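In the two complexes below, chain A is the common chain; its partner is chain B in one and chain C in the other.
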Partner chain A sequence: MKLKVALDLDRAGKDVAAAIRALLARERVLALNLIGSPGCGKTALLEATLPELAKTHAVAVIEGDIATSRDADRIRALGVPCHLINTGGTCHLPPNLIARALQDVDLASTDILFIENVGNLVCPSTQDVGEDAKVAVLSLPEGDDKVLKYPRLFREAGCLVLNKVDLAGVLRFRREQLASDLAQVKHGLPVFELSALTGVGCPSFLEWVRGLYQKKCGRPTVPGRRRKA
Partner chain B sequence: MAGAQPPGLGTRGSGVHELTLAQSLVEAVLRETEVRPPAPTPLPVGEGQGEGPVRRVTAVRVAVGGLTHVEPENLKFWYEELTRGTRLAGTSLLVEKRPTRVRCQRCGREFAVLANSFVCPDCGVADVRLASGDEVILESIEVEE
Partner chain C sequence: MKLKVALDLDRAGKDVAAAIRALLARERVLALNLIGSPGCGKTALLEATLPELAKTHAVAVIEGDIATSRDADRIRALGVPCHLINTGGTCHLPPNLIARALQDVDLASTDILFIENVGNLVCPSTQDVGEDAKVAVLSLPEGDDKVLKYPRLFREAGCLVLNKVDLAGVLRFRREQLASDLAQVKHGLPVFELSALTGVGCPSFLEWVRGLYQKKCGRPTVPGRRRKA
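Entry: the complex of A and B
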């Protein structure tokens, strides 16, 4: 005899993600989930852009790392509030850990929250943590073949940051390969070619972030003011 | 977080992916095969196990979406490990891998994703919304009469 069940075994995780999304909407916070390989420059991208973004928006960061506070220390050195999650080995940030971290984030004083995921092109892409968009970060030294090798991230992403373009002269990175792979996975994905080291290209990425914020939340909190209106 | 209610906190979501999933699966199968009068609120997970009448399970059917990164053999391995010594020991886990399905935002056609191409066969453009493929579903449980 067959018992019909039809139960989604990840219902609990999806429910937590939905609760986070509702909370962030109520608190008028834009959340961006940065995903990329170890060493692709996720923290460097934040270092290169947060000081500029902080002039117009109140920013905060949740850092996910298996071990150490190295990335969190770099963010705090910018004067940006940063909550560190050491996963102890888990390869991604699941929604329940984000929900717990959000209890320590002053959302009332935050416009834009960056979640820097654990360095990994695979598992973080499968996790909805209630973010508004995933930001895929790929760097030139990783190679031009990654989009079709790790399609889920690039399909889920709201934009692609192509970092370390300052190394283009010493690498053989075929942009046409990247473009044709992206066309198979996600038409029209915004691509920001930049160098977090030199700063070239960063303003376009910031313009995209500010545009998303405006679309979701309208006018930002005046920096320095403690609470939103 | 003034005035904001924190979303519910789970204890799961870490460790080996198929292990976590197998834990949810075993709990769900045990829960679904308890025979009890309809209760107003479900018992907490794990409670009631080994007490009261239960249905004898022979097989469990699970459908895995193509986007989930769940490896069927690995899921079966953990299911077998976790059910050892329980009343589910020796039951078969049947895992069906289902292709990801998407819907073209331009023409509305729904199609299965093959070889990781999200390009619509009609429009020639990858501009799609996910229809299904991001789920692991406990479909049904075979029990003795």
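Entry: the complex of A and C
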């Protein structure tokens, strides 16, 4: 059997993530890594919350997609700076792609950076990209049995956004099943039930984001003005 | 930087897939590999169709999940033989795990084998596990923009099951967007619009499955009787 030599990518990735984390701390930028299945509503969550968040904080987005600029176009339509990474097939954003993207993000004018990962409930949860927190996004139509079946993301996450609650009336979704699974996997994980479509529940999520920012960075810069001369 | 030595897993995987394909041909078993996001309805599709299919063909299932026996329990509740693979974190079923699982499947008493892959729209589509066809499963709540964003599965698939059409009235799903994407990625791909919940549309999918079986294997064995002495 042929043998190949591979670099120790795992170790290299950890070094890159640590460097990103140090850079973001120095630049006083909060970075949130949005992870969830295709169609769970990651982009819709940004559409529903960025305009409001932009009133108090300077926001930017790194969009990760295998192909197309569809999600990035939606973010740019909000007037929010957005750097698109097309992975071309890779199932997650590795830290080296984030590091490269950060060269194009004006960190001095950014308070909060959202990284929207490739739609995938599995692989992105295994990657530290130097973020302050992973935000797990799950939607009601995906079913109430997912936390124990795909436990790693929920274990790694700083909060869970339960999206598409506007569909609760037409779906069989047992909240007690979700709660029971979460109690096993990550007791006490903050859960924000919301609908990115109707906007219901979004203020609580925004409050959580702003709280994280304040804890890490203090007072935000005034949006539109550079924080550092 | 440290160096690691890794086996040429890609090449080894192809050899294993070829061996599986030869085994299934010899045993006259049709194998379908179900791939889609978490919660798109892969297990529900099996629940909606296996009881009917079992009237004419001997069926069996290999269930792939990162953790829990939740899906396998649902299949076994139908009285269908089911071998569970818990990947423990791996985002897809690699051919070597299928090969090992096949040692526990009574191929002599099986006409059609369904492999339900780990819920993931990306990674399983890159793996040949010796199946006769990949069945892409997409559900309406995931949105109409997924084919171009996650093109590989749709390019590799033998058909597309568009599930949860019962929710069409409460969702904004533009069928013309899906059709336009499909025309670019895989012109002519058979699409079965159905609801695994209500059963609507399932007969057409079953007809497609039976047609594939007949083309490969001819007449099915009588369910419950061994084909080979």
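Odds and ends about this structure:
Just so it is clear, the second predicted complex is superposed on the first by the 217 of 229 C-alpha atoms of A that agree within 3 Å, B and C clash if a C-alpha of one lies under 4 Å from a C-alpha of the other, contacts with A are read in each partner's own complex, and residues count from 1 in each chain.
Everything that follows uses one rule, which is that a residue touches a chain if its C-beta (ideal position, glycine included) is under 8 Å from a C-beta of that chain, and two chains touch if they have at least 3 such contacts.
Predicted model, so just to flag it, every value in this text is computed and none were measured.
Of the two partner chains, both chain B and chain C are touched by A:Ala12. In the overlay built on the shared chain, the residue A:Ala108 is in contact with chain B alone; chain C does not reach it. Touch criterion met: A:Cys123 reaches chain B and chain C at once. In the superposed model, A:Arg152 makes contact with both chain B and chain C. Residue overlap on chain A between the chain B contacts of one complex and the chain C contacts of the other covers 1-8, 12, 122-123, 126, 148, 151-152. Residues 1-10, 12-13, 15-16, 19-20, 22-23, 26-27, 87, 90, 94-97, 99-100, 102-103, 105-108, 122-123, 126, 130, 148, 151-152, 155, 183-188, 227 of chain A touch chain B in their complex. Partner chain A is touched in their complex by these residues of chain B: 1-15, 17, 21, 24-25, 28, 32-33, 55, 62, 67-69, 116-119, 125-127, 134-145. Of all the residues in chain C, the ones that touch chain A in their complex are 1-8, 11-12, 37-39, 65-68, 70-71, 89, 91, 118-123, 126, 139, 141-143, 145-146, 148-152, 164, 167, 170.
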